[in-house]
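To keep things simple, chains are lettered A, B, C, D, E and F as they appear, and every chain counts its residues starting from 1.
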Amino acid sequence: MPLDASDTTWIIVATGLVMMMTPALGFFEAGLLRSKNSLSVIMQTFSGLAILSALWFILGFTMVYGQTLSGIIGGSDWLFFNGVPHEEALSYAPTIPGITFASYMMMLAVITPLLMTGAIAERTKWSAFLVLMIAWSIFIYYPLAHWVWGKGGWLAQIGVFDFAGGIVIHTSAGMSSLAAAIVLKRRKNFGTALLLPHNIPLAVIGASLLWLGWFGFNAGSGFITGALASNVLLVTHIGSAMGAIVWMLLSWKRSGRASLTAVINGALVGLVAVTPSAAYITAQNAFFLAIIAGLISYFAMILFKEKLKIDDALDVGAVHGVTGITGSLAVGFIASNAINHSVPNGLLMGGGPALLQAQAIGVGVAIILGFGGTLIISKIINKIMGLRVKEAEEDICLDITQHAEKAYLE
Amino acid sequence: MPLDASDTTWIIVATGLVMMMTPALGFFEAGLLRSKNSLSVIMQTFSGLAILSALWFILGFTMVYGQTLSGIIGGSDWLFFNGVPHEEALSYAPTIPGITFASYMMMLAVITPLLMTGAIAERTKWSAFLVLMIAWSIFIYYPLAHWVWGKGGWLAQIGVFDFAGGIVIHTSAGMSSLAAAIVLKRRKNFGTALLLPHNIPLAVIGASLLWLGWFGFNAGSGFITGALASNVLLVTHIGSAMGAIVWMLLSWKRSGRASLTAVINGALVGLVAVTPSAAYITAQNAFFLAIIAGLISYFAMILFKEKLKIDDALDVGAVHGVTGITGSLAVGFIASNAINHSVPNGLLMGGGPALLQAQAIGVGVAIILGFGGTLIISKIINKIMGLRVKEAEEDICLDITQHAEKAYLE
Amino acid sequence: MPLDASDTTWIIVATGLVMMMTPALGFFEAGLLRSKNSLSVIMQTFSGLAILSALWFILGFTMVYGQTLSGIIGGSDWLFFNGVPHEEALSYAPTIPGITFASYMMMLAVITPLLMTGAIAERTKWSAFLVLMIAWSIFIYYPLAHWVWGKGGWLAQIGVFDFAGGIVIHTSAGMSSLAAAIVLKRRKNFGTALLLPHNIPLAVIGASLLWLGWFGFNAGSGFITGALASNVLLVTHIGSAMGAIVWMLLSWKRSGRASLTAVINGALVGLVAVTPSAAYITAQNAFFLAIIAGLISYFAMILFKEKLKIDDALDVGAVHGVTGITGSLAVGFIASNAINHSVPNGLLMGGGPALLQAQAIGVGVAIILGFGGTLIISKIINKIMGLRVKEAEEDICLDITQHAEKAYLE
Amino acid sequence: MRRRHIWSDDIVKKIDAIIRTELLPIVKEQLKNTGINGMTVYSVSGWSRGKDEVLQWKGHLIVHDFIAKSKLEIIVSDEQVNAVIDTIGKYARTGEHGDGIIFVLPVERAINIKTMDDRDRAFE
Amino acid sequence: MRRRHIWSDDIVKKIDAIIRTELLPIVKEQLKNTGINGMTVYSVSGWSRGKDEVLQWKGHLIVHDFIAKSKLEIIVSDEQVNAVIDTIGKYARTGEHGDGIIFVLPVERAINIKTMDDRDRAFE
Amino acid sequence: MRRRHIWSDDIVKKIDAIIRTELLPIVKEQLKNTGINGMTVYSVSGWSRGKDEVLQWKGHLIVHDFIAKSKLEIIVSDEQVNAVIDTIGKYARTGEHGDGIIFVLPVERAINIKTMDDRDRAFE
């Protein structure tokens, strides 16, 4: 197939949109944390953008998309991006240059591990954070992405569908967040009134750019423009809107006052919910899916935070993990062959349980690898170098103790 | 006509840009208000994005673009977006998928009512706000948009031209803002020195994203890429630049010091001014149009605020309303058939008074429907549930009393 | 060659991205300055966007791209954009409408002089700033851009290559910054601990939007979409990432703590470094180029600030000037005819010293014209109207004395 | 003609009042009419037994017990004390919980920096 | 039943304590148990001889000698003074440099604005 | 060798100075040389009769009568009082309207939290 200029244009733009999501995530999180630790999370996301881009360039791309070694991991064909074609396409995205595909996927590989920054916030050592991100990419993300998205990956083989990363990205990073939060233990003062957000406008700036970026994230993941991308964009937008509305109503009901932080979290939930299925469902189904995912995630948040008392600071486990699971399983119910010919019909669309079974396996693997793998990685890092700052440093704050900088000065 | 991939790509991108304008509007407004009410306006715009998107999805699109019922309102063909084509175009935008068109127009339908948040700021009850937005969409925006933009709409029939919404959006929302501000009455302390902006950098972030978003808003409204979109973009940018310069100079002259808040308001004026005509005029004419609109709107602002003492908090009536009128009438003078074959020449381009007459009717209808309709809707809401918070709540602030959240905490 | 819709779409989008860089620059700078002068630099960049757009529209475009007068300056063919074709291309960008090209280049002409705002911050008179920007555009930028980019420009003739402005933009504005800072003299308190950044999240918002905007800046500068733009985007991103990493490590080594302000500055260095060569090199070479440029610029920053004690407030001379020089000379080493057929091979690619010589001449001319020209212009302005505010005004702050506004109020 | 403010070492007092932030504008305006020659305002956060401000987080109402308050600090001569207290009592009072407190401290010396004079006429 | 706070003109004191900001939450909580009826908190920045906070700028460590501190201001009756000081001493103390200081000032009058009463029962 | 600061209950004073924010850096530096062992800075906003700061809004100049000022608070032993006042007078003074004021309050007790000692040697 010859390269298509329109598709390439769209993926170039989408690459930019997704790139911006990583700093946006930093603003979202920083605004919802205390002022004294807000710089540290922006540092983590922004530096993470640089470091994980380099890691993908050197190692990641070939581990995920290189010629598969028995469905387990990609070979070293494209180490350091060597040989990734400029003027020709790869089979993954047959109408755009190979480097365009590789660059786009870089942005996904950057943001995924960084989702965990919301869970480990306000107590993680800077150096340990760097090691965690790199180890997690190499041992969890690159393999899992290869299994689901790589040509010949074993989960792809058994028929798992994950359009823009419900399993590979949100389930894995969300479950990993819970594991890391457990290993790190709770922040001092967890459960008291002392951990309120310090700059909600900043958080909303982040949320708005995430919403926009997600248009590139989802509608770019088909690697073509046109009707498919158009439908994905609509599905994504409706998902976000309904997630926001559900969380807004739940916060209103629970506390008597409609909460803006709930609205922005709900929007993310909606976006995550439709991510794995965005190209396989109608906007009408996205409407209902986002409502259901909104409800589930809100109660998961309460469960983790209030019942299990896991200090996943910004609820990454609920917002991304649980919603990623919901959305990935939903593919098995509502994927529609009429919308997208590459996908079989889900259970509710008359397709039988096969797809649902495959999805369940994919989700299960991501949970085990994400939660289990992160537990192990975190414990090893904790053993070797310590994952958490000293108590006195936590009291003072990460911004000064880790970076000798303050977010705001008069 | 077959679908065009480039056009679709451009409109997908433009949809994203216009989507982002709604949160951007929130930042713009929040920065210009007092800290204590800044969260509430961000809450209104961001939640509004979710709620009005859903309303458009369910009801709005079909009311505006459905098969016309005698030129008055669209029929129920596309309720809940049912039947909006994915792979085929609608006649409104013949080279892009129907859902692309419908998604793009969603973003316009979202931001239009929310323009009023700037007028009703710092004193409106959250619940009343929700009702107002929904009622205004259904009773004012959807009909008016149908009349001007719907196939067979009665204003379209008489030859009204409104490229990207000078009448439908800015005149109507601007005049409605005045009406709502009048019904709401003035804020406590109106007219004193106590209502200064609390975070001008935040306002400028909003203004910058609005400027950028407007490229999508105007250059997307032709639904094609290429020379037309290129000219519209240039017209839009020059309009914004000249509006900014005029307000900058006026503030400098009036107060002795050039004001940044004037500059960003002036940029909006310039953008609004060229919105109705962006595809029908040259950039050279945009240059002069923005200067004229800049002057008129500045004095309108003074008139409303200082002479009539209407507490339209952020001058939506002048910046959007009066400028929308100026720009919509300007179509009747400077529209050029050479620039755009679908439009007749305006008066100054040798086209006679016909176009100007039609524009005047369109503008008049928008003023009457916007101002009158909003007066009635606001009064009814005020009667039933109260539009305004209690005095003690206004003293404390909306952020805490309506949302139990604070924009900033230390 | 007929117009190409995909190319046009991409350049329209890129124009928007580059437009946004100017306000982004303002946020970046404002965040790194003291609160009390933060509004003034946002005022300068945002008003600058308006004013320099108008200047380009009226005068600049024709001075740079009009029919050359002996290779020295463009003729008056396109004064006030008259005659710039809508439906046809110019030879500079043969597949997009003439006005698209002219609008895109407007955005570059806007941001270039405004780079100096970082150097002259916290002490420059508002009125003098306006004169400086306009004079610098007319006497330095427009001629230099004509020499390098104009058809028949004398530097273009001798074979100077400058893809997206390493010589024309970064070397010239960077060296001019040093000159202006020298004429302005040091700020009071320079060298003490009193000049710390006031809002690092705001600076990172700016840096993020600059990074994104640079995708438009570099990948748009080829005026086509497809493989070329894709490679440029990847080169740009890798450059930014590696620059950020290098500065992060250097700050870590120097102070014992990794610094976020270093990371964002390093990202800019990486972006500047690859700007002149982005379309001529591989991403692998960009990887190393950014590392080298990161090291050089960091030590240049120390040299200027600590050894020479030039008060270039935000190190524009090092970050843009020195890096612009590094990157422009690098073209002479690593430009590859295989990547881009329009460029000869550099020294390391087997092309001999010819290209390097031409680059050295181009850089030398930009240094002389930028530094020398700005020295003269600044001194003249200083003589006539005074460049610097009074000492008491500097003590109080620019925001109140120049604009009667404050960035933040409670 | 400008009112004359007699300040002497033995009769200067410092009045501090912690009041509702929302009433600050009006209190400030009214205080200007009492003949004081200056005042200084602090943004503080205050706690007192009783009803607290409520903020939500994750749908929970959180007693945000420290509420933003404003503190006024006014250096006055002895004879102005009552006028200032009365004004504050009049305009800063809603009768509801949270109105705040006033306290008066003795001042040993008060010096105008412009003149570096700590006797009469200091503030003219 | 609410504790009764006896305030009378001659025995009221103002206790100011400048403490570490990171210990503020715990100190505030504990002070509530000492029977005081209110307190006011200021965000201040403090300097004292000795180790400073270090910030970096352009890779240089800069002695940021003024460190963010919190100041507590508490109006108490004479007999509460020691309890408050003890509580602060217990919970605001790390024994490291930078713990801060407490000082006690005499108060001439203390008035509850809600009641405008500067005698007993003022704070009930 | 570190200077020795004698503090005893009866001779401690609190000096408060409200000064121009733009002069704060220099005043702080100079005060460090007077032998004080600490100081605390507040961001306040102040009003005084006379020229106000002017802000604009909608092209109107608005008298922003409350101007950002800085307040210094310094606990000193009696014999340091004059040195501190002189230093402030020297470096915080422009002679223009708005220089601010200094006032001195009696302190009953001053306690170093690190040592919980309110007598001599407290601050060493």
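The definition used in the following text is that a residue touches a chain if its C-beta (ideal position, glycine included) is under 8 Å from a C-beta of that chain, and two chains touch if they have at least 3 such contacts.
The structure presented is a predicted model; accordingly, all values stated were derived computationally and were not measured.
K.L.:
Please state, in steps, how far subunit D lies from subunit C along the shortest route of touching chains.
P.N.:
2
K.L.:
Going only through chains that touch each other, what is the minimum step count from subunit C to subunit F?
P.N.:
Minimal hop count between subunit C and subunit F: 1.
K.L.:
Counting C-beta pairs in contact, which chain pair has more, B-D or D-F?
P.N.:
Most contacts of the two pairs: D-F.
K.L.:
Subunit B to subunit E: how many Å between their CA centres?
P.N.:
51
K.L.:
In angstrom, rounded to a whole number, how far apart do the mean CA points of subunit A and subunit B lie?
P.N.:
Centre separation, subunit A to subunit B: 34 Å.
K.L.:
Subunit B: which residues touch two or more other chains?
P.N.:
Residues 5-6, 9, 13, 196-197, 199, 205, 255-257, 259, 261, 403-406, 410 of subunit B touch two or more partner chains.
K.L.:
What residues in subunit F touch two or more of the other chains?
P.N.:
Residues 42-43, 55-56, 61, 105-106 of subunit F touch two or more partner chains.
K.L.:
Tell me, which pairs of chains are in touch?
P.N.:
The set of touching chain pairs is A-B, A-C, A-D, A-E, B-C, B-D, B-F, C-E, C-F, D-E, D-F, E-F.
K.L.:
What residues of subunit D sit close enough to touch subunit F in their complex?
P.N.:
Result: residues 2, 12, 14, 28, 32, 37-43, 73, 75, 105-114, 116, 123 of subunit D touch subunit F.
K.L.:
In the complex formed with subunit B, which residues of subunit D make contact?
P.N.:
Listed in rising order, the residues are 20, 22-23, 25, 53-56, 61.
K.L.:
Would you pull the subunit F residues touching subunit B in the complex into a rising list?
P.N.:
55-65
K.L.:
What residues on subunit C touch subunit B, complex-wise?
P.N.:
That would be residues 3, 5-6, 8-9, 12-13, 15-16, 19-20, 23-24, 26-27, 30, 38-39, 42-43, 46-47, 49-51, 53-54, 57, 80-82, 86-87, 96-97, 99-100, 102-103, 106, 126, 199, 202, 205, 402-410 of subunit C.
K.L.:
Hey, which residues of subunit A end up touching subunit E in the complex?
P.N.:
Per the touch definition, subunit A meets subunit E at residues 189, 192, 194, 395-397, 400, 403-406.
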